[in-house]
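Structures are listed in the sections that come next.
In the two assemblies presented below, subunit A is common to both, partnered first by subunit B and then by subunit C.
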Partner chain A sequence: MQTTIQLILTSLQIGAVYILFSLGLTLIFGVMRIVNFAHGHLFAVSALVVAYTVPWLASGGIPVLPAYLLSVLAGVSVAMALGFLMYIFGFRGFRRDMVGSFILSIGLVLLLDGILLKTFGGAVRPVPEILPGTVTILGAAVTVQRFALCVAAVVITGVLYLALTRTKLGKALRAVSIDHEAAMMQGIPYNRMALAGFMIASALAALAGALIAPVTIVSPVIGADYLIKGFIAVIVGGLGSVPGAILGGLFVAAIETFGAFYFDPSSASIGIFLLVIVVLLVRPKGLLGHG
Partner chain B sequence: MATEATPLIVSGLSASYGVVPALRNVSLSVRSGQIVTLIGANGAGKSTLIKTICGLVRPTAGSVQLFGEDVTGLSPDRLVTKGLSVVPEGRRLFGEMTMLENLELGAYARTDKAAVKRDLEKVLDLFPELRERLSTQAGTFSGGQQQMIAVARALMSAPRMLLLDEPTIGLAPAIVDRIAELIVRIADTGVNILLVEQNAETALSVAAYAYILEGGAIIAEDAAGTLAQSPEVQRAYLGI
Partner chain C sequence: MTITTRMKSLAFGTSLGLFATLGAANAQETIKLGLSIPLSGAGAIWGKGSEFMCKKAAQEIAQAGGVKVEGKTYNFECLAYDNKYNAAEGTRVAQTLLNRDGVKFIAGSLGTAPVQALQSLSERQGVVMFTTAWGSSIKGPKFPLTFTQMNTAFEIIPPLIRYIHGLHPEAKSVAMLNPNDATGRETEGVSKKVWTDTGVKILSSDFYERGTTEFQPIAARIASLKPEVVDLASLPPADAGVVLRELDVLGWKGVKVIAVGTGVDGLKATGGNAIEGVYMGAAVIFDGPTATSQQKAINDEARGVLGESLNSIQIGFYDSVYAIKAAMEKAQSIDPKKVGAVLADVSFTSFYGNKVDFYGTGTYGARQQMRLPVSISQVQDGKLVEKSRIVPEGN
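Presenting the complex of A and B:
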């Protein structure tokens, strides 16, 4: 029983990050009908900035928690600035162009890989512990940091969900992702909505990167693995569906965690790909997909 | 009115998909207070004309004037702010969103909240049977009801010029009459209307003036009553 709870908690921690990732991918797909394979680099940039600035600020005498919060702000700002540049000089010209945007994003992946490696070096960076200690939930222990990560992810997901369902911008974004021409006929400016969707998605990836930095080992390639899992999560859940992204993220994390415990990590990876194949065979648009 | 510019003037409009011409030198106008109809069979270019007027298809030649202003090639969202609203072919409601959300989005470009609220009441008065179901998903309504919601959504932008693209297609005869009556009522509130239809009988019965589109070109135009009496129109479009 305790093992099961421990595994569920681990799934939730990993799943929380996958969800932030897949929400971004699904939002971009919804408004622009493209997949940004360089999305993981926004995550990596944010994590790297945090990994560099926390020790730097801490060595300047700032206590570790405020140092971390400042770093999060810096990381998210830098990643969003990068996202903005990616959009303005890249994806803006490839909206609703699956092939063109695919080629562009692969190019961006190679370019950013090089830039990140050159700027930050290939060495991995540990981040000092921000919130020490562990909490016990139903007999299973989890570090405070990882628990805080989960809470933050849940809050961010909740805020995004409310924003999409309650605010004017959110409703307009949903309308654009259902039918962009009909949305324009209602007076919704498509250009601005595409930018808004892309920037919100960039912010989600940046926040995920900043949140994961203290609980993992940060390196320039950190985004790739999460991107693939996040992408699988949206395919399983259904591209363009917000609840689908959440469900898919949890699904992938659970298979990964339980598979790695009861079998081994490589079986778990195989299991994830089998899951994708089965879902696509049974429901080609994903579990909750409609588009 | 002498001071008010003609609501819609389309002059010499041509458009093509690749090398295939879809519209050839189309000119038409909607005068103030008029319901004007454009009749054409499947593939005559009706939807292309609507898409070109509302900025989704770029014309290769010609111009579109809205209330005296050249709006050729402006995107649909810009046109909404200039008083043009479109009820697209096939309704194109946001099916997974509620009826209320659809109506709210119709008023997206407006900032006068109080007036939007008043207009929502007015629009719902036109469709009393829909009032009870504001929080129902738009995609779950019947075809006729969805058409009414699409019209209601277009009215929420408080348009002065309304384009209706085949609003009666696929609907039961009783519903078609209901929609026709509705179009007249909307025109009575001062909205200028261009009704694009395949259903010539209904269109000619509500319109003051009519154009006939065939092979991407206007082949005839006249007062609706006169066209309805023309033997050729009767044979080709009215099945008489």
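Presenting the complex of A and C:
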């Protein structure tokens, strides 16, 4: 029983990051009908900024937790600035153009790969422990840092869900996602909504990167692994569906965790891809997809 | 001055200038040394340090007067490309180095899969290749131009495991983890055999994909098996550190082994205090009594550039440059086939401070392995302490 609880908690911890990551991907697809392969680089930039600034601020005498919070602010700001540039000089001209945006985002991946490697180097960057200690939940051990990450992910997801369902901006984004021409006829400014959607997605990726930085291996290529898992999550859940992204993220994390435990890590990776094949064969729009 | 005299003077001057130019060109003639190394990802620190050490050796050789071959002087230039530790990128790097850049000497290549990609071209094109790859399948009489520049699984793992078993005879079970590639597969084969021969039961031997960022499920599986030893044989430092940290969170306590463990800094970056007690087989200690002043100076410089101490992988890229120099001077040729033919017979002063030659007939069927000391070390109070040093014997 304790093993099962440990595995469920592990799935939730891993799934929390996948959810934040895939929410951004699904939001961009919903509003702009494009797939952004450079989304992982926003995640990586934020994590790298955190990894560089926390030790720097801490060495200047600032306690670790405030240093981390300041670094999160810096990381999210830098990643959002990068997202803004990507949109203005790139994706703005390729809205609702799947092929064009695909080629553009692949080009951006190559460009940003080079820039990140040149700027930050290829080596792994350590982030000091922000919240030391371990908590025990129903007999299963979880680090305080991971637990805080999960809480933050739940709060962010909840806020996003409320924003999309209750606020004017959220309703406009959903309207554009369902039928952008009908939305425009109702007076919703599509251009502004596309930018808003892209920036919210960038912020989600940046927050995910900043949150995961203290508990993972931070390097310029960190986004690649999460990008693949995030894409699988949105395909399984349904492209453009927010609940689908959440469900997909948890599915991928559960297969990764239970598969690695009962078989081995490589079999778990194969299992994730098998899941995608099965979902695409049985329900091509994804589990909760509608478009 | 008549026109004829002027013409003669002009011809003489031009000839003199031409000879002087040619002479200068000869003095500055450069031989490119190719490097196929990971410069991104978890293994990047190995690659960056390897490039640093290749350049360091090339710089030292240039300052000492270069490589003297048939009255000419040559210098080395290190040319590095990122193989991302995988076969696909390794193939691209191989084609770039050999077909585009025309490199005839590979001063180092890292990662069995990219090295195999490189070797498929290098042997065919008559290019001398040094490698840190652990696979026994890449050496032997079939590959006369391939040489190994560091101790491999075959040199490190048997003495390391026997030493650990001697210290912890109560440990009767082991869980093993390796990357799912040629390096991991080759290492696993050697480790498995030696653990079994020493009477330790293998509870699991798993593989994971390079680039993995979440190690919690892997750690949960290992911890649930309750092994007395965890052997993270060929994991890069960053990955190994995370696994040990996650095992620590789950409350696992036991003997920790990283056969290819090359140093404490990279491991500590992700593993924190969970790395205490780890046994390693490929680390080099620079603050001990055996370290020379030259080693310390170069290591200090490397720490400034890389942020961590040098390790045996990176040192191999220094030694290979001196081995190539020694072979060129012995062969009095820069033809890679002639240089390759005499390499097995040369000896040179290694970074470790002693004269090093090549051996390996017993294991590989040919003398293609540098005879380097095997250093067994352990992390104690966050620092590496050398526990034993073994110099291999035989031909």
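One rule holds for everything that comes next: the second predicted complex is superposed on the first by the 291 of 291 C-alpha atoms of A that agree within 3 Å, B and C clash if a C-alpha of one lies under 4 Å from a C-alpha of the other, contacts with A are read in each partner's own complex, and residues count from 1 in each chain.
Keep in mind that, in the parts below, a contact is a pair of C-beta atoms (placed from the backbone, for glycine too) under 8 Å apart; a residue touches a chain by one contact, two chains touch by 3 or more.
Treat the numbers as computed from the prediction; the structure is a model and nothing was measured.
Student: Subunit B versus subunit C on the shared subunit A, clash or fit?
Tutor: In the arrangement built by aligning on subunit A, the partners subunit C and subunit B fit side by side.
Student: For the overlaid complexes, name the partner, subunit B or subunit C, with more touching residues on subunit A.
Tutor: C
Student: Taking the superposition on A as described, I'd like to know which of subunit B and subunit C A:Leu131 touches: first, second, both or neither.
Tutor: Touch status of A:Leu131: no partner.
Student: In the superposed arrangement, does A:Val144 touch subunit B (first), subunit C (second), both or neither?
Tutor: A:Val144: touches no partner chain.
Student: With both complexes overlaid on chain A, does A:Ala81 touch subunit B (first), subunit C (second), both or neither?
Tutor: Neither subunit B nor subunit C is touched by A:Ala81.
Student: Contact-wise, after the overlay, does A:Ala175 reach subunit B, subunit C, both or neither (first, second, both, neither)?
Tutor: first
Student: Looking at the overlay, does A:Leu287 come into contact with subunit B only (first), subunit C only (second), both, or neither?
Tutor: neither
Student: Of the two partner chains, subunit B (first) and subunit C (second), which one does A:Ala152 touch, if any: first, second, both, or neither?
Tutor: Once the two structures are laid over each other on A, A:Ala152 reaches no partner at all.
Student: Scan A:Ala254 for contacts with subunit B and subunit C and give back first, second, both or neither.
Tutor: Neither subunit B nor subunit C is touched by A:Ala254.
Student: Mind working out whether A:Ile5 is in touch with subunit B, subunit C, both or neither, as first, second, both or neither?
Tutor: It touches nothing on subunit B or subunit C.
Student: Tell me the contact category for A:Leu73 with respect to subunit B and subunit C: first, second, both or neither.
Tutor: Touch partners of A:Leu73: none, neither subunit B nor subunit C.
Student: Rounded to a whole Å, what is the shortest Cα gap between subunit B and subunit C in the overlaid structures?
Tutor: Minimum over all C-alpha pairs: 36 Å.
Student: Can you list the residues on subunit B that touch subunit A in the complex?
Tutor: Where subunit B meets subunit A, its residues are 54, 56, 75-77, 80-81, 85-86, 88, 92-97, 101, 104-106, 108-110, 153-154, 157.
Student: Applying the document's contact rule, which stretches of subunit A touch subunit C when the two form their complex?
Tutor: Subunit A residues touching subunit C: 3, 6-7, 10, 13-14, 113, 117, 121-126, 129, 134, 141-143, 216-217, 219-222, 224-226, 256-261, 264-266, 268-269.
Student: Quick one: in the complex, what on subunit C touches subunit A?
Tutor: Per the touch definition, subunit C meets subunit A at residues 38-42, 44-45, 47-48, 82, 180, 204, 206-209, 211-214, 216-218, 220-221, 224, 237-239, 242, 249-251, 266, 268-270, 272, 306-307.
Student: How about subunit A: which of its residues touch subunit B in the complex?
Tutor: Listed in rising order, the residues of subunit A that touch subunit B are 168, 171-172, 174-175, 178-179, 181-190, 290.
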